[in-house]
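Following: one structure in structure tokens, then a few remarks.
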Amino acid sequence: MDRVLELKDFNVTYKNKTKKVYAVKDINLTINKGDSLGIVGESGSGKSTLAMAILRLLPERNTEITGSSNFANKDLVQASEKELKEIRWKELSVVFQKSMNALSPVHRIGEQIEDIYRVHKPNARKEEIFDRIKALLRLVNLSERVFKMYPHELSGGMLQRVAIAISLIHDPKLLIMDEATTALDVVTQGQILEEIVKMEQTLDVTRIMITHDISVVATTCNKIAVLYAGELMEVGYVKDILKEPKHPYTKGLLSSIPSLSGEKETLTGIKGHLPDLSQKYEGCIFAPRCEHAMEQCGKSKPSETQLTGENRVWCHLYSQSDRGEQLDISKNLAEVNR
Amino acid sequence: MVTTKKGWYVGRKNNNKLNRTLLKVKSDTELKFGLIGLSLLVFVAVFASLLVPFDPYFFGPDVLNKLGENQHILGTNHLGQDIFSMILYGVRTSLMVAVGSALISAVIGILVGGIAGYFGGKIDLVITECINAFMMVPTFFLILLIIALFDSSITNVMIVIGLTTWPSNAKLIRAQALSIRERTYVKSAVAMGETNLQILFKYIIPNGIFPVLANTTIGMSNAILTEAGLSFLGLGDPNVISWGQMIFMGKQYLTSAWWISTFAGIAIVFTVTVFYLLGDGLNHVLDPKHKSRKDA
Amino acid sequence: MKKYVTKRVLMGVLTIFVVFSINFLIIRLAPGSPISTIMGKDNDDPILRAALEAKYGFDQPLILQYFIYLKNAVTGDLGLSIIYNKEVLAIIAERLVPTLLLVLTAALLAVVIGTFMGMYAAKHEGSRVDVFFSGISYIFNSMPAFWLGLILIIIFSSVFGLLPSYGMISSRTTLTGVDYYLDVLKHMILPVSTLVLVEIPIYFRIAKSSIVQTLNEDFIVTLKATGMSERKIFNKYVLRNAILPTITIFGISMGYLITGVALIEIVFAWPGTGDLMLTAINQRDYPTLMGIYLIMSVSVALVMVIVDIIYATLDPRIRF
């Protein structure tokens, strides 16, 4: 299978004079062509940092990125500003959360789109640009009238659609959506998610969906990566993980969403808060909040455990070395899961 | 909030509001320098009579003493008055004008703006339009006109500055009142039958006063500059020593005795800078959105 | 847009109305009778007194006096100057050109220089130049302009003898053509520099803070993500957004400048309205003084309305 993006030992650290914050730690992740990967986590889990670091949009002055991120035969971590400019939008584009502020308020939308189009095709004719945008706007159910409008004249949902259309201008290989629908009302969010899925049937795009809302992933992604405090907890196919989550944190996340389909359930959620990321921890980062924490969890970091297919989990409950203990635990787990 | 379920978990410390404010004061350079400067000014104003080497009201021989001549550190003016002593006494005048006019301006502004914002509706509309119109009036000319026609005593100067500069305060408190009146504690006070007046003075004004505080400090700088400008036009109070008057008097001796105007001006620059620093610093500390440079 | 412009114009009219009313009030409240205020304290010409009483309707009820006063003011009749014995409006009109020359030159120079300094400081935030600019802007912001003018005279006229310190033209020569204009230009240097120096901090601060703020906007990140060159992002998108507060400040600051210039004219004996004002104060020529106040207020209101309309054409969010 074609690899689109491959992260190896990817770390992002924010630093200032007095302290360092380890925002993203030791990420190993591969995205194949045609995948739609949802990266989920609570706010502060480092998911947006991860996206911004892949895009190399974090201020260089106070961030440090290590490891490698291979995309289009280049390591984006090492790429020069010039190389990045070549890749940006042509191969790799992004839709941000705050669509209301994603466009300049004092320029017409059409003018901004034109400028963005010309970044890679400076000599494009006006009609060519217009035809392209018209097609894309149709794809997201917008009329071409928005071309002559200013951002404040559009609703949040419409602006988000414009942002999606703009992101597709140059047929990027990889599209990152950072909480792209979070700010919208539920109905609009549903519509746009539906459009995204439908749109991709005709396009050849690989997508990363950053969200705190696991239900968004459920409807629009085939793979999921669960992030906690900047570390991967569990990665795999959405259909497997939603049915049978392995990591206690994933279970917690899933139990935090109310089920729409009927029976009354108590939402267990997860107790406690994210740890202080300016500290380095010996053990599993989730252990302080984990109901199944064992002695081992405070001592060493769990290593990657390969499960069926591409599914992987980072948890001592499944570590090879603790096999014997694991059997006991899985009994406990069954009980907890009811 | 802090869960220390397991020993290795380090929770966030729960600072209270006061501590955080104090921390901000310490870390804000503008406010720090402003406070140091203000202490110095207040010290000089209080102990001026003990600090001066000469009586500033004493007319010496009509000789322009140069710097350092006959123990006059900063020389004398054409009437033989000691410049250094005059400058120290001038602190009193400047601070008096600054504080007096700021108080008047704040009280009127808070009342007018508070009423407009709290009652809203038509009252608000009328008051706001009046404030907007008033803000476009060139205040310095108005003050000048009034002082020229009426008496130019320092009290009058203070009152007139106060009476003409309240609109900016009114605007600020009105915006605050508009949002405060929607808060739960105000709504419950209404439900409990407290009168409008009680609510205005117990909840709206005390909670919305902070931006006015910063603005008032900046208003003090402007008051000092205005007083100096009036004195420079010969509209100062002849019975008090003020820096503006010193500059005014020194203007005729610019070539022969540059020190008369120069040092009085430096005193104004220093004092006004102190109040500007205080105002900016207060704005930083009171504005939750402001980040100090160290955090960024 | 139309609605906005109408609203602003009405606001301007309201302001002028407020100014006139305040003026009326001041005359009635001033110590002594209003007629002696208008005539001058030492003047007792009974014929003039009778004529003025009839004209201003001092025997009528106060409310009627108010309307008479308004009618006169609106038709441009600001009364007679006591010392010049001429129409106040005519005297002021003569002095307006030199004043406008100073004000406009200084305003344009200050906005250009201040904005460029702010742009530089914003691009290099935290650099030595930025710290220097910011520090010095505090000091100049705190300076009484008239004092700065005196200091410039001490330095450039007294000590170095480089520039003329008073007047608009050299008094002992009769220059014509280019020489005349060069002479005026030379006389303008010090007063204009004074005004520019005290105005620069205002534009510097607003330009710097709004550029820094715009650079942190989300749409800048989006544009960076598209691979657009930094230069294009800055020149087209950052500047266009960041210039808006400068325009607002320009209007407010023009208001200050129109009044502030009076003191500077006095320092440099510049034959403008400020100079006229000083004479009026010293000679107790109240009609002239009030006339200057009215004309200046109307000018300020006019400038503010114009600036607001320009702002509206540049910010699409205002077109309701």
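Letters A, B and C mark the chains as written, and numbering starts fresh at 1 in each.
Note that in this section a contact is a pair of C-beta atoms (placed from the backbone, for glycine too) under 8 Å apart; a residue touches a chain by one contact, two chains touch by 3 or more.
Nothing here was measured: the structure is a model prediction, and the numbers come from that model.
Farthest chain from subunit B, judged by C-alpha centroids: A.
Chain-level centrality, scored on Cα centres against the all-protein Cα centre, points to B.
Annotation: 55 Å between the Cα-based centres of subunit A and subunit C. Centres computed as Cα averages put subunit A at a distance of 51 Å from subunit B.
For the pair subunit B and subunit C, the distance between C-alpha centroids works out to 23 Å. In subunit C, no position touches at least two other chains. Residues of subunit A in contact with two or more other chains: none.
Chain contact summary for the complex, subunit C toward subunit B: residues 11-12, 14-15, 17-19, 22-23, 26-27, 30-31, 37, 126, 138-139, 141-144, 146-148, 150-151, 153-154, 158, 255-256, 258-260, 262-263, 266-267, 277-278, 281-282, 286, 289-290, 292-293, 296-297, 300-301, 304.
If you check the complex, the residues on subunit B that touch subunit C are 129-130, 132-134, 136-138, 140-142, 144-146, 148-151, 221, 225, 228-229, 232-235, 244, 247, 250-251, 254-255, 258, 261-262, 264-265, 268-270, 272-273, 276-277, 293.
Note for the complex: subunit A touches subunit C at residues 55, 57, 84-90, 93-94, 96, 98, 101-108, 115-116, 119-120, 150, 152, 163. Of all the residues in subunit C, the ones that touch subunit A in their complex are 217-219, 221-229, 232, 236-237, 240-241, 244, 314-317.
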